[in-house]
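There are two complexes below, and they share chain A, which is joined by chain B in the first and by chain C in the second.
After this line comes the complex of A and B, so read on.
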């Protein structure tokens, strides 16, 4: 890396700030997008619209968080979407079989978390213990998980119990459920960031050999990262289920690559050892806001995907370029 | 475990043995699986994957986490472009080839510029480009019909051409020879290995690292585009996102061919065997009488088992 000899004081201050808060560029992009959304469609900043945005993109936020823990350790998980699909159909079928009451929902959610955990452990085992290359190995497991999801529910369409999606889309004491969920997530992420595992994952990502030589159980830590990833993918599946109110064995497939994009956009390094989950959450919202902005800006419908693709690519570039300054 | 690594030192050999074993197994499960015409059909499918994997192989060999996730998008786009340019007429083929190569090279150039000038990690850059390409496909599909393959192109891909083999097999053999020549007999090839194993050292030795990397991504785009053209000939007309099925399999073919994702070593001969191995495996699963779901599970599990034979990471104690 080249170093610029003529760094101004302002520059090094910015660098320190970025090193401490790598998600600042993402936060800036988020603010710009919110303003742009407001200009094109003032209504899009209403409480109601923002609730809808969070409700729809909660799943991607959680998947991005899931991906982040794996990327901390310089690994990657291309099966998060497949895990989410598998958990989605598992809980739908369980809830149906158990009658769709409140208790059955809770039981199904418990099983769902366990399924996500199990998938994560499988990924961790093949990547960390068997030392297969993460990209291809998790692609292989994603095929396996998709197969499993197809066994459980061969075709999309089984509905979720009313109590489930009513809760997810509903309000308590005037505040929408998703905001409680978001607050819980924030607390959970804050607590997780303080755990030994989070620090150890970053240490492993920074240099596996060094981490090993300073006595860290590298293999166990990487498996732990994948396990955490699996659990968050399961939580994402709950949100997908709440949002779509039905089961679909392929629902998560297209979200995998978005989760990787969100991690990068949030300022984490794919090479590991550096990053924040907060950035990934913000980045998931950025992807959501880009989609809604493209819509509100009056883009002809068949041009929308293209403009979205360009905007996400541009945001990725900005994210990578700016966050690199914090580390160089 | 060390003795095992000794035996598995030659990925090409493993792939060939596995292919032979799978063919025997397939013939035992459903007689006629390993018949001449059936093998020919498998080779045509493998050729499509193999041509995409050629570009993927180059990008991966070049190291620095080189990978091209946009190949699937380029394959789809190229199939549409070709279909519209030739529109069912043989006379349009030369122009279609030109248009495809230009399309592939252009998107490869974008990828290469992003990776070198802006220093975006290849995974991120090509992932973003995949999104752009998928959007572009939607735009094109709304505006114009998807186009048809010219009869000569379909014949080239599906009908015997020379010694009973269709033109696409010869094309693939040609790609194989070309890749072997480029990688082992030219300065360019030496430089690919040089930047893949130690970029800094290569730079110090005067290798134009940036231009090399841009060239690799452009070649990847061109190979994907050629595969898209052939795919159009194979299926007659292009349909939505036909190329998506090549994205990750092209990477797996490279890995099964003995080129680790870290780059710098390996070659294309192994990748060709890897592509055949993948296609034979998929085809054997379709002949077994199980559900789609069971097939996917067996496929995923088998891929994992096969990966155990190839380029596992170094142990921390090693």
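After this line comes the complex of A and C, so read on.
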């Protein structure tokens, strides 16, 4: 009897904690993976390796964040990868044309953000204003954006200006650039979480009819979500460009579904109304760590995809089990 | 002075004429009651005023000027606030966010002003402080609240619009007496400040307690408006039903069964979240009532008996055998049935056709692998007819039904294959007077056939008129048992308010 009572008290505590911080299971998995990485390859926990990890997976983190904002409103964006590709080739070509100096890089980045925003607005218009099914409509726009990217840069390989990738891979005052970027991202996400739009997106995700009846401008809010998504996809493209130092019209395609997986792994509900961007960021790191673990564990190369898939499934299951326990 | 005037407003959904000719005149400083049977068009009329439904024809005059209410936002700008019968809450957001959702307070143009949000919400929460229950706080997640508490949040949300015209579409259907009393005090206060209020309820006593005038709607048409002080419940019912004056008046008290020796369900020392050490027995053919204020453990027990929430300790015996309740699935297999008044959460399979909503239990109990719509329809139609359900076609979505008719679908589910034990958790929420009379006639019939019935109702009259015995709950346990001649309104009231 007493043990039972304390058990329920414990459960309801867990439940409250999970309600406030739905990304706790993801954080737990992240810790486990870090330890496992350390066991298989002690070197993988060195400052250098961790910097490398963040540098490589910064793009996925940003794409996961982008995806989270549309998932908030129970929508989905299957074109985030294509948007990232389009922005990647756009800025590469622009920087090349303008000579690759510091100013031209900044100008290209500005244009890149605008391209991302425009793509997001197109998605938002198609899904929210024309009322097409999000999953199919954004699949269609992804083909369209990829087509544009192929027109701008038909073959992969145009290099980025030196100043660009040197900055992304470099250090300032002894701290790697990506950590400044990560800190800026954290502040940005914190501010965005406090905006009216974030709450409104979640309210729309909870029930479109109810949100409409409450007087919320549902169409505008959903378009806003897609616009935010487009901008973050553009930021992700900057990181891809910094990491690969070249243009590739198909570079983002394979990342789209990883971003969806990260959103779910981070504790957000695909049905909308519930989730956090922090969870998505952590989950993107989890996916990165799984990849590096598979590598460090010495998996034969032809088995790597197989093991990677299994590991992601296992991570998803742990997350689901913990949240279900908290909800019961 | 006429604040709002509707004339000849109509609305059709495809072939269904939801509102044929709606007329309404709302004065400043009055509580205007709308009454009519399920599906008569009350909610449709309210939604038209609130801008969430566009009328096909008719005129809306506000302060004497013709206006078009183009949407909920426009309605708010015109000074119209509404309580939606099916609620308009975001389940994962906090109480405070929900109350202020239509107009979240801002700082620096972009960010939500959390302090202002909290302060604003707390003003309205404080109004119901004494009756809302401890869980209702500014930062509670709405999905964690009880049905009556969510209804209170929707009331607060409507009040927070501070609109001169407030529409309440069945705001009291899940509230207990204390909550209704508090709500009425607030309404009277608003009235004295000159606000115009539309109030819908199927409870006759409430209508006469709060209303100044009443407008009756029948089959989508306004039949007439009278002053409450110059009319009587009978006269109103006559206006509601028109020629077909067959409304069964609830009998004063049901035939009192001798306590059945044939025990169907026996509960011993059942303890769980919200109730402790509850013991009772129900005999075959008996209707056992559970009474008391809201949230005293009545719903929690019924949910536990149905296997929806696991109890912590105690024993349940079904016809003498120990019952293993671990899930609703096994409860159904063992002959239990459960009807929840919280249809949005526990009843309706939203977005699916009526047929699918009536037949899931039938399919489960008979392990149907293939659904043959023709066969299922043969089973579903008599059950729907028994409750006088008003619907256009079995293949229409359940969302196209009026609130009360949706609830009838949820009940009809259990009528195809008769269960042994029927657990009713405030089952008549949103059901109109005549349908309610029909439903209880049906429940008594079922009892006469040998079913054991446990009925929780937030409406005293339902318990007094139908239960053979009443267990009054207070603070999670049974504080008193009323049987025979003890079943009076006074005793019920007193037991409910007794300090635990």
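Worth pointing out:
As a working rule, the second predicted complex is superposed on the first by the 315 of 328 C-alpha atoms of A that agree within 3 Å, B and C clash if a C-alpha of one lies under 4 Å from a C-alpha of the other, contacts with A are read in each partner's own complex, and residues count from 1 in each chain.
Criterion: contacts are C-beta pairs under 8 Å (C-beta built on N, C-alpha and C of every residue); 3 or more make two chains touch, one makes a residue touch a chain.
Please read all numbers here as calculations on a predicted model, not as lab measurements.
When both complexes are superposed on chain A, chain B and chain C end up clashing with one another.
By the touch criterion stated above, A:27 is placed in contact with neither chain B nor chain C. In the superposition on chain A, A:194 makes contact with chain C only, not with chain B. Look at A:19: by the touch rule set out above, it reaches chain C but stays clear of chain B. Looking at the shared chain after the overlay, A:98 reaches neither chain B nor chain C. Touching more residues of chain A than its counterpart among chain B and chain C is B.
By the touch criterion stated above, A:206 is placed in contact with chain C alone, chain B being left untouched.
Of the two partner chains placed around the shared chain by superposition, chain B is the only one that A:310 touches, whereas chain C remains out of contact.
Looking at the shared chain after the overlay, A:320 reaches chain B, while chain C stays out of its contact range. Overlap of the chain B and chain C interfaces on chain A: residues 209, 212. Chain A makes touch with chain C in their complex at residues 1, 4-5, 8, 19, 191, 194-196, 199-200, 202-203, 206-207, 209-217, 273-274. Contact residues on chain B toward chain A in their complex (touch as defined above): 65, 67, 69, 114, 118-121, 123-125, 127-136, 138-139, 141-143, 248, 251-252, 255, 260-261, 291-301, 303-304, 307-308, 311-316. By the touch criterion stated above, chain A contacts chain B in their complex at residues 76, 78, 126, 130-133, 135-137, 139-151, 154, 208-209, 212, 218-219, 257, 260-261, 264, 270-271, 302-310, 312-313, 316-317, 320-321, 324.
By the touch criterion stated above, chain C contacts chain A in their complex at residues 50, 52, 71-73, 75-76, 82, 84, 87-93, 97, 101-104, 106, 110-112, 114, 141, 157, 273, 312-313.
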